[in-house]
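Letters A, B and C mark the chains as written, and numbering starts fresh at 1 in each.
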Amino acid sequence: MVAVRGVSKWFGAHQVLKDVSLDVAAGEVVAVIGPSGSGKTTLLRCVNLLEDFQQGEIRVDGEAVGYAGAGAARRRLPERVIARTRSQVGMVFQSFNLFPHMTVLKNVMVAPVRVKKMPEAEARASAVRLLERVGLADKLDAYPARLSGGQQQRVAIARALAMQPKVILLDEITSALDPELVGEVLAVIRQLARDGMTMMIVTHEMQFAREVAQKVVFMDGGAMIEQGPPRALFADPRTERLQTFLKRFREGYQL
Amino acid sequence: MKLDFNFILRNLPTFLEGAVVTLELSALAILCSLVWGLVVVTARTAPSRALALAATGYIELVRNTPVLVQMLFIYFGSAVLGAPLSGFAAGLLAMTLQNGGYMAEIYRAGIEAVSQRQVEAGMALGMRRHEVMSIVVLPQAIRKVVPPFTNQAIVMIKDTSLVSSISVAEMTFHAKLLTDRTAAAYEVFLTLAALYLAINAIVSAALRLLERRVAIPT
Amino acid sequence: MLNVLLANLPLLLKGAVVTLYLSAASAALAAVIGVAVALLQLYGDPVTRAATHVYLYVMRGVPLLVLLFAMYYMLPYTGIDVGATAGGIIVIALYFGAFMAEVFRAAILSVPRGQWDAARALGMYGRLLMLIVVVPQALRIAGPPFVNTCIMLVKGTSLVSIVGLWEVTMAGRQIVERTLAPFQVFGGVAAVYFVICYCLSRYGRWLEKRVSYVH
């Protein structure tokens, strides 16, 4: 569903992604782990072109993301085309980024209506259904500022789902939450995984990664160091960098 | 449109004569407002409620009425009182009264921007009240004050043009006279605008420099 | 003492109405100019950006009075005839439009990055993104400084009396010429401005309180 091939990215002279390649099959959940600053967020943002990348190619469901041609002929696609790709890729952010001037219901409805031109009534019905699914049926008319972090994040998930995306990108979606609110958000993701949603999840919750992911990708210093099924990867890390990383985690948390 | 540069050159001395008055009035008005603003902010933050209330009323009054009306009030009013002020004096007084109100608010914002914790930190180091004020609070407050002060200074320089309407022979006054006499409107107003732009550019560059000097290095 | 004021109250109030009209018309026009210039400045091509830069530089550096004079002295030569009142409104709007451009530009820039990201991630772009996500939030942020600029504008309309337009300040000058009672009359004129501007400033403060929702 998502194919990343040899992607490199620079911020000025600083290379933050180094020849990264990985695949996410349809219905698969891939967890991306790695130390802070290793480029996880940047990789995710490249998949829906919130960040430009200078080399390599990314495909979502076979369609090239952001660029056409290769080498000297490589050029950025028109914004309209990029926007259409983005509308097929959902994204949930660490800081929720709900639209503060819209009610919960409007937050979820606005993109289907305005971007996908879905009839208002249909969009409303689907938004209500999604909000019920994330347990927020009673908050339809509330504004985001009135919700807890966990509730806001669940709205953000519903908002992403409302576009019926082919894949959802989740970037440390529980990092900004109070510990007691993490569970309610992870429960929603678990259910999505069971329903066969394709997801790329950047997370520091190793236990969660092990539990929901079919594949774990370890990044360090902008490069993809190791990938594999969680059981194998966690039990038997082949590279020293992953060993060090996991050791630090085991010392910190109980894994 | 063809500009007559000779005309501009020929009349440059007239413009410069006006520019001197503009600069004089600007400098005096800025200085007086700086000082008067200190007086107003002292009253505004005074422990006495009556005084603070009076200062607040004063600030609201001068900020919510046009400086032009204040000038006319003072200029024609002083004449009726039998102690006529010159246009220059009336203009200076009006600008000081109004901008003193603005400066007071700028000072207050500067002082309030320094957190109470900074004051406590100073006290904890054994400083006395006035030492805390002069060593901790003021140096930080000044940094907050300089940028809005720069804006206000430019506003004041531009406002000096208003005294042309109470017969002070500054730049705009001369320009108007010249247009009435020669009908060379383009030349006159382009020169006039250029002179104001130049003055404001120099003043804001100088104040920018000051801003950078006092800025906290990052 | 106040007899002079009472006797001339109808005229002053008539002037006040004209001032209100001048203010409202030029504020509306200035707001449009401000939004347009802010958008051009942020998202225009290099040439329009340079042009807006020149416009802002001139408006910030040249006194409003000089612009008004320039308008009245230079326009006759160009053959454009918009009439004195419309001319005054246009000049005031151009002048304060520059300040409003700054207000709107700052407001647009203070819409958090994450809002743009979220909108883009949902497939919005260009005008739709601005219209649905950025502008509504920017307008709320811009509310209080916009009202402050309007206060400056209302006071600024008094300058048209110098170039011969009739409004409340001009009415005041005429009454003073007849009655030689500057304190009462200009006091009354000041009161007119004060009422308008004070109401605006209360409104601005109310907006400021209301606006501060959490992102």
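Simple rule for what comes next: contacts are C-beta pairs under 8 Å (C-beta built on N, C-alpha and C of every residue); 3 or more make two chains touch, one makes a residue touch a chain.
As the structure is a computational prediction, the values presented were derived from the model and not from experiment.
Judged by the touch criterion defined above, the protein chains link up one after another in an open path, with no loop closing it. With centres computed from CA atoms alone, C is the chain lying nearest the middle of all the protein shown. Computed centre separation for the pair subunit A/subunit C is 45 angstrom, with centres defined by C-alpha atoms. Rounded to whole angstrom, the centroid-to-centroid distance between subunit A and subunit B, based on C-alpha atoms, equals 54 Å. Rounded to a whole number, the gap between the C-alpha centres of subunit B and subunit C is 21 angstrom.
Touching subunit A in their complex are the following residues of subunit C: 112, 114-115, 117-126, 128, 132-133, 136-137, 140, 213-215. Within the complex formed with subunit C, the subunit B residues making contact are 60-61, 63-70, 72-73, 76-77, 79-80, 154, 158-162, 164-165, 172, 175-176, 179, 185-186, 188-189, 192-193, 196-197, 200-201.
Chain contact summary for the complex, subunit C toward subunit B: residues 57-58, 60-66, 69-70, 73-74, 77, 151, 155-156, 158-159, 161-162, 169, 172-173, 176, 180-183, 186-187, 189-190, 193-194, 197-198, 201. Taken together, the subunit A residues at the contact with subunit C in this complex read 45, 48, 50, 79-80, 82-84, 86-91, 93, 95-101, 110-111, 114-116, 143, 145, 156, 159-160, 163.
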